[in-house]
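Both complexes below contain chain A, partnered by chain B and then by chain C.
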Partner chain A sequence: MSKKLNLRERYQRMTRDLAWEPTYQSKKDIYPQMDFEGIKIHDWDKWEDPFRLTMDSYWKYQAEKEKKLYSIIDAFAQNNGHLNVTDARYINALKLFLTGVSPLEYAAHRGFAMVGRQFAGVGTQVACQMQSIDELRHVQTQVHTISHYNKYFNGFHDFRHMHDRVWYLSVPKSFFDDAMSAGPFEFITAISFSFEYVLTNLLFMPFMSGAAYNGDMATVTFGFSAQSDESRHMTLGLEVIKFMVEQDPDNIPIVQGWIDKWFWRGYRLLTLVGMMMDYMLPKRVMSWREAWEIYFEQNGGALFEDLERYGLRMPKYWEQTIEGKDHISHQAWSIFYNYTHAAAFHTWIPEDEELDWLSSKYPDTFDKYYRPRYEHWREQAEAGNRFYNPTLPMLCQTCQIPMGFTEPGDPTTIGFRQSDFEDNRYHFCSDGCKDIFDNEPQKYCQAWMPVHQIYQGNCGGATVPEVLDWYHLKFGIDNFDYADSPDRKNWQAWKGLGDEAGADQEGEAAA
Partner chain B sequence: MAEAKNMVYLALQNNEDARGIIEAIEEDNPHAEINHFPAMVKIDAKGKLVVNKATVEEKIGREWDPQEIHVSLISLSGNVVEEDDSFAVVRDN
Partner chain C sequence: MAVKAIIPDYQGTALDPVENFHGNIMFHVNWEKHLMFCAPLAMAMPPDTPFSQLVEGTLTEAYGYHPDMARVDWQTVTWTRDHEPFEPDFNATLAENGVIHRTLLRFTAPGLEGIAGSAT
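Let's turn to the complex of A and B:
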């Protein structure tokens, strides 16, 4: 390339000029999925790339990121970096992230390859191609991190298998499957806009800062390296929205409907992140409530003010998230504390100092609704009555989270909605989830619900050990409280912390 | 609803590569607020944040292509304006 080309010209030559007008086949046959969602595109040339990144620069900068990343991961492994995390308890946050989120990176890789093939404009195709490659890079870097931690800690050994089977992993899995089984315009609205632009900061920024604060360099490194691609993905999401609504006013209500749906889906999914931030980090950076205020209320608020000129408004039910920010992380941790005997990570009751932190971060709700509950459970556990819920929970048909969220305006009553479709009745945790079902019942009635599947006899048997075996989880090793776990026993031995003798050199994790 | 009116931000890694960029932003955007987090620096401002090629080059003492920001950028909010000699995020309502 000539040095004299400026950014715009280079982008024009290296991206837009790659397209051609087909002559042997009609565009309709080449791009068969362009019409069925009802989105009308009149001129793909109106697509404005916010980042004028060409493939040659893309490879150059990505290679630089990779070089940095792998040298840190190498150094981390060589120096036994896992021993420098604040506490082995922290690793449980990582277990949830790496088994829950990493497979989504792979799903995103597939998803963007699929929609990149379907969009009829070359700018969009190239942006999707880059994102597809980014996502593949992300899952690879995360598998390297899994590989390191798997040598020393339990629960990482079969993340792919687990992702398709374990009850709580169906929450992230079904989120992405829902997007991938939609059309290309809905997929890109769901993932690029609602998830990447509006919500992904809540996943990566506070959580990765938390990892840094807790001495986990491997996670910080893959996290921020992935996030550096994310700013490209986010701007793609914003461009997609502007492009669709500018192309035809008929697109506005369709796009608004998708924003409503995917905001709510993403909000429910991020409950798991809220729980990680408030309960699973030994050293905490900020509360879920604070993160929601910064990244959704402030940043999302500015975004939707900006989008008003296009006829778009804040996502439906956003007001409920403002009330929910004081509750959802506590409700989710309570669910996992009840069901940790069936999970691939450990739980615990927060220490007094942590309860005090939660009281100070949640002055309106924690002491009133949640602290007494934890103190009661702790008392019971100390008296030898650690409570594990023996009954499988009712799940929301849409988000697949156990029905433990409370009613707006009434934090002592569990939220409950239902819809009848054909000959069955379906249950929901909220108006948001019910609306999503009611809009496409024939889609959501087919959801693979982990609890239903267990009761139907499709998950290895009727007892917890049989189901765990089918999940490929090791009963007594991967599950139950952190206090009694082999992970803790090993950690105490490695760090020379007192009475715990007899841990293996490589831990008991060599599953 | 917290104060939202036309805020933009850039979040960069807190490392050697990004330091010059952060200093350049500080110098060219007196209205910006710099917030330090573990491993990350988040710069918030009303309306606009600009990263000028010339200022970054002065800070780091070598040629710098604004697209190099991709290597250090963690996240952003606002409409991206990418030029040969600058990189900006803007929200002008």
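Let's turn to the complex of A and C:
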């Protein structure tokens, strides 16, 4: 291409000019998924590319970034960077992040490739193609981090297999499968707008700062590398929404319905992040409550004020999240404390100063509802009677999280909702999850519910060791309390921390 | 409402009908105000299981870790079945008590509100 082209011409040549008017096939046949969701697009040329990035500069820019990233990852490995994290308990947050979120990056790569193929406008196609490649790069860098930590800690060894089977990983998996099995317009609303634009700061900002606070430079590095792509993804999310609602007023109620649904699904998914922030970082950055106030109440509130002029309003049930911010991280940690014998990471009771931190961050709820629970559990654990819930939990049919969330207005009572569809009954944790089911029961009646599958005999057996074997988890190594874990034993030995005479060779070898 | 699908009249196949549970029913039990058990329980058992066996065997064991369990007087416990008040006949089976696939049972033991009254 001539070097004399200016940026605008270059952009025109490298994106819009790549399209052509088909003559021997109808557009309907070429783009068969454009109509069934009810979204009406009259003029794809009205699509604005916020970044005007062309593929050639994309390669150049990303290659430079990757070069830096991989040299940092190499240096981290050569210098035994994992020994510089604050405490081996921190690694459990990483286990959850890297087994829960990294496969979603790959799912996003696939999803954007699929919708990029389906959208009938070339500007949108190119934007989706770039995001698809971004997501593939993200999962690759994260796999390098998994690979490093897997040499020294347990629970990382088979993340792909686990993603399809392990009970709590069905929460992030089903979130993305739901989006990918929707149409292209819903997918991009779900992922680009509701997740990337409205909620992703809650995933990246506190978590990456948390990694930095806790000395985990491997995670910080992939986080910051991904972050510069995230700002492009967020802008795409906003553009998608504006484009759809400006194209036809009939699109507004459809888009609002998707915003309502995907806000609630994202909120439930982020419960796991809230728990990491409040319980799993030895050095804490901010509480979940504070993060929700900054990134949703303030930033999200301002966003939806701007969107009012397009006829869009705040997502349904957002008020319940304001009450929920004082509760959900504690409820989630209780769930994993109950069932850590069936998980690929360890849990523990927060130490005294951590309990005090929680009391100060949650003055209205922690001492009243949650502290007595932890103190009782700790007392029992010290007496050799650590609690593991021996019975499988009831799950919400939509978010697939054990039904541990309490009723709005009553933190002492579990919230229950139910619906009957055809000959079966379904249970939900909240109004938001019930509405999602009721709008598309034919979809969610097919959900692969981990507990139900165990009872149907499809998960390797009826006992915990059998099911863990089917998950590819190692009983007695990957699961149970942190206090009893080979991870802890190894860490104590590596750091010369006293109470352990030697590293547990079995644990090290298992990693 | 119907799902928006690219195939007209799309129908999904439910994954959890009672036929898939090999003669068992799967139902749910919650002990109110005892949130140390983080969520209600899911259990699968034959519909001809005596209610007394559910209570004195399964639930007593499932909730046995809680210090309140030893103080539960089953004669005074109140129940709901799918959110309606319910008086179980301990000598009858689950089926005879109207407990079917996906029923939700909730019970309250009067005077017992968890560790230090915190609903834990």
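What we mean here is this: the second predicted complex is superposed on the first by the 497 of 511 C-alpha atoms of A that agree within 3 Å, B and C clash if a C-alpha of one lies under 4 Å from a C-alpha of the other, contacts with A are read in each partner's own complex, and residues count from 1 in each chain.
We adopt the following convention: a residue touches a chain if its C-beta (ideal position, glycine included) is under 8 Å from a C-beta of that chain, and two chains touch if they have at least 3 such contacts.
It should be emphasised that the depicted structure is a prediction, and the values quoted were computed from it without experimental measurement.
Peer 1: Of the two partners chain B and chain C, which one touches more residues belonging to chain A?
Peer 2: The partner making contact with more of chain A's residues is C.
Peer 1: Have a look at where A:Leu312 lands relative to chain B and chain C in the superposition and call it first, second, both or neither.
Peer 2: Touch partners of A:Leu312: none, neither chain B nor chain C.
Peer 1: Who does A:Ile41 touch here: chain B (first), chain C (second), both, or neither?
Peer 2: Touch partners of A:Ile41: none, neither chain B nor chain C.
Peer 1: A:Thr391 in the overlay: touching chain B, chain C, both, or neither? Say first, second, both or neither.
Peer 2: A:Thr391 contacts chain C only, not chain B.
Peer 1: Would you sort A:Gln298 into first (chain B), second (chain C), both or neither based on which partner it touches?
Peer 2: First partner only, chain B.
Peer 1: Answer with first, second, both or neither: which of chain B and chain C does A:Met208 touch in the superposed model?
Peer 2: Touch partner of A:Met208: chain B, not chain C.
Peer 1: In the superposed arrangement, does A:Val139 touch chain B (first), chain C (second), both or neither?
Peer 2: So A:Val139 meets neither chain B nor chain C here.
Peer 1: Is A:Thr413 in contact with chain B, with chain C, with both, or with neither (first, second, both, neither)?
Peer 2: After superposing on A, A:Thr413 lies in contact with chain C but is clear of chain B.
Peer 1: Considering only the touch criterion stated at the top, classify A:Cys445 as touching first (chain B), second (chain C), both, or neither.
Peer 2: second
Peer 1: On chain A, which stretch or stretches are contacted by chain B in one complex as well as by chain C in the other?
Peer 2: none
Peer 1: Which residues of chain A touch chain B in the complex?
Peer 2: Per the touch definition, chain A meets chain B at residues 6-7, 50-53, 57, 61, 64-65, 68, 201, 204-205, 208-210, 212-213, 220, 224, 227-228, 230-232, 234-235, 238, 285, 293, 297-299, 301-303, 305-306, 308-309, 322.
Peer 1: Which of the residues in chain B end up touching chain A in this complex?
Peer 2: 1-9, 11, 13, 37-40, 42, 67-68, 70-77, 79-80, 82-84, 91, 93
Peer 1: In their shared complex, at which residues does chain A touch chain C?
Peer 2: So the residues of chain A in touch with chain C come to 32-33, 36-38, 182-183, 331, 334-335, 337-339, 368-369, 372-373, 376-377, 385, 387, 389-395, 402-404, 406, 411-414, 416, 418, 421-427, 438-443, 445-449, 451-452, 455-457.
Peer 1: Which chain C residues qualify as touching chain A in the complex?
Peer 2: Result: residues 1-6, 10-17, 20-22, 24, 26, 28, 30, 32-33, 35-44, 61-62, 65, 82-83, 101-104, 113-116, 118-120 of chain C touch chain A.
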